[in-house]
Amino acid sequence: DLPLALIAGPCQMESRDHALECAAAIKEIATRLNVGVVFKASFDKANRTSIKGARGMGLSAALPVFAEIRERYGMPVLTDVHENDQCAPVGEVVDVLQIPAFLCRQTDLLIAAAATGRVVNVKKGQFLAPWDMKNVVAKLIEGGNPNVLVTERGVSFGYNTLVTDMRALPIMAETTGAPVIFDATHSVQQPGGQGTSSGGQREFVPVLARAAVAVGVAGVFIETHPDPDKAPSDGPNMVPLNQFEALVARLQAFDRIAKDRAA
Amino acid sequence: DLPLALIAGPCQMESRDHALECAAAIKEIATRLNVGVVFKASFDKANRTSIKGARGMGLSAALPVFAEIRERYGMPVLTDVHENDQCAPVGEVVDVLQIPAFLCRQTDLLIAAAATGRVVNVKKGQFLAPWDMKNVVAKLIEGGNPNVLVTERGVSFGYNTLVTDMRALPIMAETTGAPVIFDATHSVQQPGGQGTSSGGQREFVPVLARAAVAVGVAGVFIETHPDPDKAPSDGPNMVPLNQFEALVARLQAFDRIAKDRAA
Amino acid sequence: DLPLALIAGPCQMESRDHALECAAAIKEIATRLNVGVVFKASFDKANRTSIKGARGMGLSAALPVFAEIRERYGMPVLTDVHENDQCAPVGEVVDVLQIPAFLCRQTDLLIAAAATGRVVNVKKGQFLAPWDMKNVVAKLIEGGNPNVLVTERGVSFGYNTLVTDMRALPIMAETTGAPVIFDATHSVQQPGGQGTSSGGQREFVPVLARAAVAVGVAGVFIETHPDPDKAPSDGPNMVPLNQFEALVARLQAFDRIAKDRAA
Amino acid sequence: DLPLALIAGPCQMESRDHALECAAAIKEIATRLNVGVVFKASFDKANRTSIKGARGMGLSAALPVFAEIRERYGMPVLTDVHENDQCAPVGEVVDVLQIPAFLCRQTDLLIAAAATGRVVNVKKGQFLAPWDMKNVVAKLIEGGNPNVLVTERGVSFGYNTLVTDMRALPIMAETTGAPVIFDATHSVQQPGGQGTSSGGQREFVPVLARAAVAVGVAGVFIETHPDPDKAPSDGPNMVPLNQFEALVARLQAFDRIAKDRAA
């Protein structure tokens, strides 16, 4: 039972400057708190609610920035892939390839991600039972890559609403054997809840993150941003950067109890 | 933010001896752990899945036993009421009247319970949104009784399944103003899941209880029994008495972090 | 496979005059359409969202009006019971006792209703799987009364929303052996959806009723009112009386196809 | 209100012979019943539950067979696409490109499908509210292609279960303006319900299809197979070919009532 790790960053890579600013701040906090962290940003939001939603910098502009962040801050980086042929170039630069929840059953994408040899983090589909993630992980393992993380990010509960079933965390750990991450940002999303974009409930990020850490997880995924209300996507559910450190410190305290390392 | 309290006991009052045995054990543990505890048992299981399910000792046999437990152990007692005219006699003996989840919208039962002047603990219906509990609490307050507890015990999620939405805990606290209890026993019930009785997942009691305490609750409701597999009801989701103390001690550690009283 | 029957009337018995007006209109329509009909009205709304919601005329004022409707229009009458001791007096006057959905697992109420010897119509709880209604019906049969109807009225689907699973209709027919009624009025309710009262979607009453009749049911339950927007309860989901006849005529056409009696 | 149309065929294109056999039988039935029909088969099952599930003939082998069916039987053909670069070649041969439910929010896939100029049939995601399909359709229209169909195939309801909300049919019609298809085959799927493959409830195909047609739809999507229990995928929910004609004839009778064309 290793101490709690973090996957953190802004939703989108908005620009090189923005990404470096976020990465620097996150790295500083992680160092102060002595917590392992993977920097996360998306180069493309491929499934925005509306076609008019901003999609990000794109693959070729983003990869050098990821490389720069890795090198400058000595911090591993993660991004999500949406198409088979993105996997190889992304895998040359980033440490963790993430499979979006909607795509968690697309066999070819899983195989292409597995083939990079990088760690693959698969988000559980909003339509999937936790015990069914074993089939998803099996595709990656049979694709030759046992370095898998699985992420809980809520399950459909009526319309425009997700609910987090905390039982899913130990169930996924037991049935897949993979480390389990809790995505506190997308679990509080209200899909399609604002007409042409998804809403969110930022105030519940700490609530669900505390619950998940008390249950016991390998890591927590939290999107954070210097000014979430101006962010092009997931603003309603990102944590302001200036509240991030206090939140993580609290989660570490719960983690110590959860993993019996309390003084 | 007071320290975590407990509502604990066997599902049914099976007999005087059985109830006293459970009460003695629970009192001892509570004293060792310095945790406030209310003893819980049901005198009647009024909504068993099957008409053949055992229903308990009945009102008149149970009341003297509750009185004895109160006096002998100096421990407040709680039981659930199902009909309007049970409230007055029950209210003469027990400290907390509990309204079952299925009955949480029955106006006359709420009014009759309120009229006793005792604390009333209302369980949120499996069919109710957390913000709708404010209407339930308003019925009690307009019935003249502001001493109300509200209890989360899961919400319907497909067939034969409940899910606990941890957001419900702060939502109920904020919208009702009442202390919030988390019922870790019935939240892991699988309603009707065994054909002619409800199933349960005892292994998830600590999982959900840890999550709820980390989010922050006034108390936890846990049914415990010396030999759950022989219990006439809710056996599959009761915690064996010999595992109860360790579970509560762990919950207290989470509670200290949640309420910022950690050293 | 008998032709489609109706259970129809206003939500509440608001006054003698109002009830007679509704009953006369419904009887006239039923005669024109040659459809069997049971007149429905509630003497008490025992589980209003808010304590301030109007509750109806009460038992003693309502029973003579039911008796008058029965005699004057030669039409059987139905009302719902909420407490054990209401069953005997109600059973002396009405033809069908209805068990509300929230109360469908209250053993004593079922037994008391069964003991009247009248037909008992049990609504399926919003929290119940269709196959679990067999346990409810078994309570009535073991209570000595095999004259049972079961009614579908939607199942919890997220917060403040019900969904109708059309598979429930044949599942209940097969597992309980009882005639199945589809309640088109409460299936379009939005529980608690208006803050202190439940909302509704009147425009979907014909949608769901057509679907249910095409699947095949013994009867349809539809609340209708001369002026639903002024009704004290369930106004948002009652059908205006002046649209009722056209709706039923259409349902009869579907019923003929469903039961293979089409020319 | 045009008469009911059909999208029908086996789940997978298993071989040229198999596809031609199915197409011939379906064409014959459609001619006898005077119903418009589009032949459906998948060249690749890209999101099987398990990596070991059979995936079909593949794109290049399947396209000539689709062309042959079109020409030989004068019947338009439909297949589903999973990757952007499949759209152009598929669009050269088939009449309708279908977007799988899991992929209904992948902007680039929608744009690529729209660019073919062919009709695009988008399945509503199991995680999507019916009113949110307007955003999906808007992506296609802004992609230059207004020839869109939308398909209901059930919505997540707890774990391993879908439910069909019949209200979704008129809601989608009204909010998207597109003709609405009801997929009676996948709506009865039990996702992941058999461990390493999805289960299904073939007996409910006629139940849900009747309901949907009575509500009113432009068409029904039904997978049919000469020997479903030997089919490599979706066997549990395909209708045996020898029961297909009677089912469709019954649906046509309901459709006539629904669209007021009854004699």
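First chain written, first letter: the chains are A, B, C and D, and each begins at residue 1.
To be clear about the criterion, a residue touches a chain if its C-beta (ideal position, glycine included) is under 8 Å from a C-beta of that chain, and two chains touch if they have at least 3 such contacts.
Nothing here was measured: the structure is a model prediction, and the numbers come from that model.
Counting hops only between chains that touch, chain A reaches chain C in a minimum of 1. Placing every chain at the mean of its C-alpha atoms, the farthest one from chain B is found to be D. Each chain gets one centre point, the mean of its Cα atoms, and the points for chain B and chain D are 48 Å apart. Computed centre separation for the pair chain C/chain D is 36 angstrom, with centres defined by C-alpha atoms.
With centres taken as mean Cα positions, chain C sits 33 Å from chain B.
Touching two or more other chains at once are residues 155, 157, 159 of chain A. Within the complex formed with chain C, the chain D residues making contact are 157, 163-167, 169-170, 188, 201, 204, 207-208, 210-215, 250, 253-254, 257-258, 262-263. Chain A meets chain D in the complex at residues 46-51, 55, 82-84, 102-103, 105-108, 125-132, 135, 138-139, 142-143, 155-156, 159-160, 191-192, 196. Here chain B touches chain D in the complex through residues 157-159, 161, going by the rule given at the top.
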